[in-house]
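Reading through the structure tokens given below for one structure.
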Amino acid sequence: MTDILLIMFAMTLLYMSIANRLLTYIRILVFQGFLLFGVTFLELSHINVTNLVLILLETVVFKALAVPLFLNRVIKHNGITRVAEPFLPNFVSLIIITLIIVITIVLSNSIKDINLDKTFFVVALSTLFTGLYIISTRRKIITHVMGYLVIENGVFILSLAVGNEMPMLVNLGIMLDIFASVLILGVFFNKIGDVLNDPDVNQLRNLKD
Amino acid sequence: MVSLVLILVASLFFTGIVIRTKSLASGRKGSGIFQPMKDIFKQFRKGSVYSSTTSFIFQIAPSFYFASVLMAILAIPLGKYPGLISFQGDFVLFAYLLAFGKFFMIISALDTGSSFEGMGASRESLFSMLVEPAFFIVMGSFALLTGETSFHEIFSTLHYGSNISYLLGGLATFVFIMIAMIENSRMPIDDPKTHLELTMVHEAMILDNSGFDLGLILHTTNMKFAMYGAIISNFFIGDLASMYTIPIFFAVQIGFAITVGLIESFMACFRMGHNPQFIFILTSVSLLIFFGVLLLLERFV
Amino acid sequence: MKTLIELFNLTAIATIVALPFLKVKGKGIVTLIAICLQVALVSIISIKVFSGTPIDYSYLGSYITGAIPVRVDYLSSWFILTISFTFLTGAVYGLHYMKRYIDQSANISLHASAYILTFTSLINLCIVQNGLVFLVIWEIMALSSFIIIIFEHYKKETLKAGINFLIQSHVSILFLTLAFMWVKIKTGTFDFSGITTYTSTEPALIGVGLFILFFLGFAIKAGFVPFHTWLPLAHPAAPAHISGVMSGVIIKIGIFGILRVLLLLKTNFVPIGYFILILSVITGVYGVMLAIIQHNLKKLLAYHSIENIGIIGIGIGLGCLGLGYNNQLLIVLGFSGALLHTLNHSLFKSLLFYSSGNVYQLTHTLDIESLGGLIKKMPKTAIFFLIGSLAICGLPPFNGFISEFLIYLGLFKSLSSVDFSLTVLMMFAILGLVLIGGLALICFTKAFSIVFLGESRHISMDKVENEKPASTLSFYAIVMLIMAIGVVPMLFLKVLALPVGQFAANISIDTAFEYSEIASTASMVGIYSAVFILLVVFVFLIRKMVTKNRPVSIANTWGCGYNGSSKKMQYTASSFIRTYRKLASSFLDIDKHKKEAKGIFPKVVHQETHPYDKIERWLIDKPIYNLRQLLSRFTFLQNGNVQSYILYGFIFIALVILVPEIIEKIKFLINFLNQL
Amino acid sequence: MISLFLPGAILISVLLYFNKSKIVNYTLVVFYALFLLTFAVYQSFHLNSIELGYFKSDGLGILLLLTLSAVTIPALFHGYRYIATHDESKKSRGLFFAAMTMLITAIGAAYLSNHIAVTWIFVEITTLCASVLIYHHRTTAALEGVWKYVFICAISITFVFIGILFLSLSLKQAGVEDLSFDALEKNYAQLNPFWLKFAFLFIFTGFTAKLGLVPMYTAGIDAKDKAPAPAGALFSSVLMNLGFVGIYRFYAIVARTEILPWANTIILIAAFLSIFVATVYMTRIKNIKRMFAYSSIEHMGLVMLGLAAGGIGVYAAILHIVLHSFVKPSLFFQFNQVYRVYQSKSIYDVGNYFKYNKAGAIALLLGFISCTAMPPSGLFVSEFMIFQSLFESHHLIILFVVLLLLTMIIWGFGSNIFKLLFTPPISIDETKIPKISAWESASQYILLAIAVYLAYNPPAQFVHLTKDAVNLLPQ
């Protein structure tokens, strides 16, 4: 069951690679949030309840609702154009992300460790790389944020893999999530919106030598 | 002491002989061999003209020049008899004393601010720079040959055994004759008769000197000639008894003078541009002498 | 003794602290007084040492430094005295020289304190024998001398030269650091005695290698070719008294270092001797060759410092060969020649620089080509410069001759050694020394007569005011010493016996006999110099007597019929050396612009030559240029793009993971192919 | 006492944030400084005592904590001067000091933390406070700087987190679930080397953002450039030390396992590349503040070289990082005054500083000398030892190349500094130049003097602490 969810998660990545509109990205993030909720629920069934509840809340409330809504608001508020302007055509990105997934599978296959749940590992890694890929191939700053959120999801999955023994780590992951999102989005993303009317990375390339 | 007296004596008639040879070679009778000395004494009696540009340097230089050469002569031995100055490495002092005199002649030439004398000065300084290595290398080779490091010891212990040593002696004589010619700027380096700027070296430097100073300079030249003659004669004297030395000395002096005269009458002056290379040949030749000595001592096998 | 040394350092610190709070007039005086006091102190110390009680005590030091031994031996004292004298004259002259900068109060106090600091650190370098502390003091010396060099820091080229100096002295300290580090690692101590213990146990090759490392470090400071390139830049940039002091003694600390290391090493000295001798001959000849073509008076003198370092080096090389072959005579002649020439050079070179300073202050230019006829405006300076020139050319009866004579004698003596290669090397060295002498003659006849004699070439004479008597105050002292060494060298040689004896004692042989022999020879030279002076005076007096009542008339210089002003037709510096320049052109690097005269009535024609240093071009400029090119290839890194910043991280991780894998595969492939 | 310190410090910063009155503000700041100092001293008397389970005041922690408190005092003083000369609003002043104190507190706590996760948390907090300080001036450039800084730091702490996850994977077979350094150290034998490698790699890469090392050094430059000079001083000294602590403590565990050579190679490469990058920019840069930042990169590279070379190099590395945290801030503090004179960071606009502020100029000169590790300075000793360790570990080629690069750096650094000190500026209105009292440079002199003293004549306690820190590694 977990595996099915995870595979669906991987598919969201593929979808993300070909998505055009920012709104789609947000929807995908929401969906990923719910998937993670499911995974958590299935995986961490036997850790103490309060902690579990906390984690579940985080996945649903934070990942699936708060952040996407906030993103939505930001887009509206700053009047960002709806299209994620990628440097590369979607077709290429699709191929690349597929490759990423394949490669991670091959790589993880070379790892011989009984303690490691392969599915988690593969999905987590490919999510990580996808996030990176999105960050580095999209032009808008907000897409950077989204990419970062994807990376966070990947890390979260990885933490779930070891979550049974050390729920503490999962909490850490959550902290990271909240911290980063709050910092990046909350503290000043809207500031960027105030200062730069069309937040394009090229406008943040003045500090260089 | 002996050498000093002899050299001074020789210096009296040396140039005379040269001139006489030249006039005979060119088919004239020529003046007596003491004519140059007479001229010099005439100069001594004359008053002098100084350029308004010059400073005291110009006036002291000739005396310094004279004194330096005189001092250098003191270092020359004659066969068994050492010079007044004789110690290890005295020929270094000898060379540097001459350089001292040259220094003053050069700056006095430049003191006049003339457009000619600088030329002479420049050439003089360059030539003396080029000629010094030859002198030192020859002396060094003899020092190596004899194992001694002073004029007197070198010459008194110098004796020719094998053929090669004669060759070396000959080469050394040649080198020293040439050094003498350059130091006194005679043919083939420089033609004392003309004042063509193409050929002027020493003559150009003293254009503005007159009277007593000029006399000093001229006689210094004579003394220099005699001095080199003395050195050359030492190659042949070795440690012979005194009865032979003095005749040999004068023979060599006169021979030397005649040679100079002949060279001057039958050779053309070099082009100025070719002089450096010619002068440097002396260094190369003296290096040959050096290696010859090494050969003689069977140092390199 | 210990208290004296501490007092010496305290004086420096106190003065430096006090200086900023003084009136601008007071600063100079206070500095001078402080220097005098310090000089007095160290002179007492070194005289005590020479009277036979070497100082040797040790501070406890700290966890890092370890014990800090302070040893004042004969060698140190010799250098201490040399340094002190030059710094004293420098201070006296500087007091006058600085008058025209009276308005730059803060700058002057910085300068003065740096001057004192330099002096103090130099003295301490001579006595401290702990590697780490030595390095620290060494760099303090370098930095403070950097400060005194860039006094006129508002000039662009001054600062440029200063930075060049700073970098090169840093390179030198890098070499020293490596050397001391080596010893420290092997012996676990910074004490200089560690060098001895280490090299005495190791094979000779190690010792030579260690020496080379030390030598590189010290050679940069001393200005051996090809490490000399900072010197000709720094000297013209600095004020005259600083140039004098720098060329006189600061570069000599490099010589001191080399000698100190030679004292400490226990190894085969023959290769070292060959190395130093050959390098020194090259240094000497190259230095003077470039000196001749310079148009800037101070730059010319700077290149002559390089030449003289070469002469000193020849002496040291001889000494090393003596040590290597156990030849007492060589040891004596080589080291005494080198040490004496160190003193001599510090004397006449400072004299020359100070007088060039006077020239600069009155004419505001150092360009030889535009000068001339200054002897009428500044006769005293001219005479002093003349004496300096004669001395530096090594002409009798001045001090330069004595030291060069000793070295010559050494070379001639060792000609007749059984070793063929040694004989040839000696002949090579003689040739070099002779060339140096001859070229120096050209160079200084040019320098002196173009600057002081004839008519002024460009600047108008009436603008030049007459020299002030204060400006030549310190010169008398220097000239006294110059003459003293020239005429009564035995006094100095008596003192020199002790440091030279150290070197001999180091290989446990006694040179007393040879030394006395040499001393007597040298004293004879001195006597003859005296005779020569008398003779010169005598001849001149006779001339005076004879020409007393002869008619004397003043006229124009003979112009071959042309009686107009011949100012512009005088020989210039570059025309004076033209023939030489043509001969040596293949060794030199002169960029020459020339406009030929055309037509019947030619327009104004001009010719200018800019001498440059070939070694500098190929050894410094090109590599630095290439290095900077290489570095500038990587400027894309900080491109201001967050995406690439993140990529760096991932790339780093990816490479670290993948590269070993790939290497594994390649290895496997190679093995596979090998098995085929 | 940390149980007392943390809440107290947090309380102070909260108060600072809300308080509006100047007097209260400054009294609070002074009180904070004293509080920190007493805390540091108190801890130093309770060496190796474990508190709250997660904090252990070992030699390294104490050493850096003392350094921190020593640097804090002048930093706060210059912060006060900075605020005073920029006539800030009450709000921004409060925010400034609140963030600063919070930052310092977090750094201090992170030094002492004995649990990798706790360290990680505090590192996050420092990023948070730092971003506030960087964005102190609400300008576009500042915004850009802080955006980059936060984004890069977020990525890098994600790396660290991933590293921790891998670490936990490698712990699985050991069966321990405690991630405290002591526990890890106890059963390093059971750690699975494969996962440990990954863990080390990710944690190292993550912490390089704070340490200022290749690959993640990039954003730190902008941060130090854009933050106010006193904050920049903290960023380029104590904050970097934080990164060092993170790496060093984990390295101490790795050093016990068989992957040590591998780890050393990585560190060596990263360190060397850092020095190289520093050289690339030091030889061409024209922005003084960024130049200082790059010089920090160079020094961190040296520190890591020492660590990787091992032997005496470890001692040298710790000594170097301590001394560097005294030297670099003094340069930043001095820059504060330079900026007040010229109102510009560009080397083209400045010059002849020696004329306008003598004491400051001399301080700058000494700072330059210290920073380039010319012998009178303290850093020379540590660099000497680092080179020695490279020599001993037979990394001669690296040693020579590094020496070459350092020379280039001195050249670049020097030509800029001397331009600033001595060359007359192109166009400057001398009437506008404020008179700067010499006392503002006093703290710089003191810091530099401390560096020299600690280097050449270290007190016994100092040596003992350093040794204690070194002993974290297997001897």
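Chains: A, B, C and D, in written order; residue numbering restarts at 1 for each.
Throughout what follows, a contact is a pair of C-beta atoms (placed from the backbone, for glycine too) under 8 Å apart; a residue touches a chain by one contact, two chains touch by 3 or more.
Not measured: the values here are computed from a predicted model.
Novice: Out of curiosity, which chains are bumping into both chain A and chain C?
Specialist: Output, common partners of chain A and chain C: D.
Novice: For this structure, which two chains share the highest number of contact pairs?
Specialist: After counting contacts between each pair of chains, the winner is B-C.
Novice: Rounded to a whole Å, what is the gap between the Cα centroids of chain B and chain C?
Specialist: 36
Novice: If you average the CA atoms of chain A and of chain B, how far apart do the two points sit, in angstrom?
Specialist: A distance of 100 Å separates the two centres.
Novice: How many angstrom lie between the centres of chain B and chain D, each centre taken as the mean Cα position?
Specialist: Chain centroid spacing, chain B to chain D, equals 78 Å.
Novice: I'd like to verify one number: the distance from the centre of chain C to the centre of chain D, where each centre is the average of its C-alpha atoms, in whole angstrom.
Specialist: 43
Novice: What are the residue numbers in chain C that touch two or more other chains?
Specialist: Counting only residues that touch two or more other chains, chain C contributes 635, 638, 642, 646.
Novice: Could you list the positions in chain D whose residues touch two or more of the other chains?
Specialist: 147-148, 151, 155, 221, 281, 284
Novice: Residues of chain B touching 2+ other chains?
Specialist: Chain B, residues with two or more chain partners: not present.
Novice: Report the complete set of touching chain pairs.
Specialist: Those chain pairs which touch are A-C, A-D, B-C, C-D.
Novice: For chain A, which residues count as touching chain D in their complex?
Specialist: The contact residues of chain A facing chain D are 111, 113, 115-116, 128, 141, 144, 148, 151-152, 155, 158-159, 161-162, 165-166, 168-169, 172-173, 175-176, 179-180, 183-184, 187-188, 191-192, 195-196, 204, 206-207, 209.
Novice: Spell out the residues on chain B that touch chain C in their complex, using ranges where they run on.
Specialist: 44, 46-55, 57, 60, 62-64, 66-68, 70-71, 85, 87-89, 92-93, 96-97, 99-100, 102-103, 106-107, 110-119, 121-123, 125-126, 128-130, 132-133, 136-137, 140, 143-144, 147, 149, 207-208, 211-213, 216, 276, 283, 287, 290, 294, 299-300
Novice: Using the touch definition up top, name the residues of chain C that touch chain B in the complex.
Specialist: For this pair, the touching residues of chain C are 372-373, 375-376, 379, 386, 390, 393-396, 401, 405, 408-409, 412-413, 415-416, 418, 420, 423, 427, 430-431, 434-435, 437-439, 441-442, 444-446, 448-450, 453-455, 521, 524-525, 528, 531-532, 535-536, 538-540, 543, 546-547, 550-560, 566-567, 569-571, 575-580, 583.
Novice: Of all residues in chain C, which touch chain A in the complex?
Specialist: On the chain C side, the touching residues are 635, 638-644, 646-647, 650.
Novice: Within the complex, which stretch of chain D touches chain A?
Specialist: Chain D residues touching chain A: 117, 120-121, 124, 127-128, 131, 135, 140-141, 143-148, 150-151, 154-155, 157-158, 161-162, 164-165, 168-169, 172-173, 177, 179, 192, 194-195, 221-222, 225-226, 281, 284-285, 287, 290.
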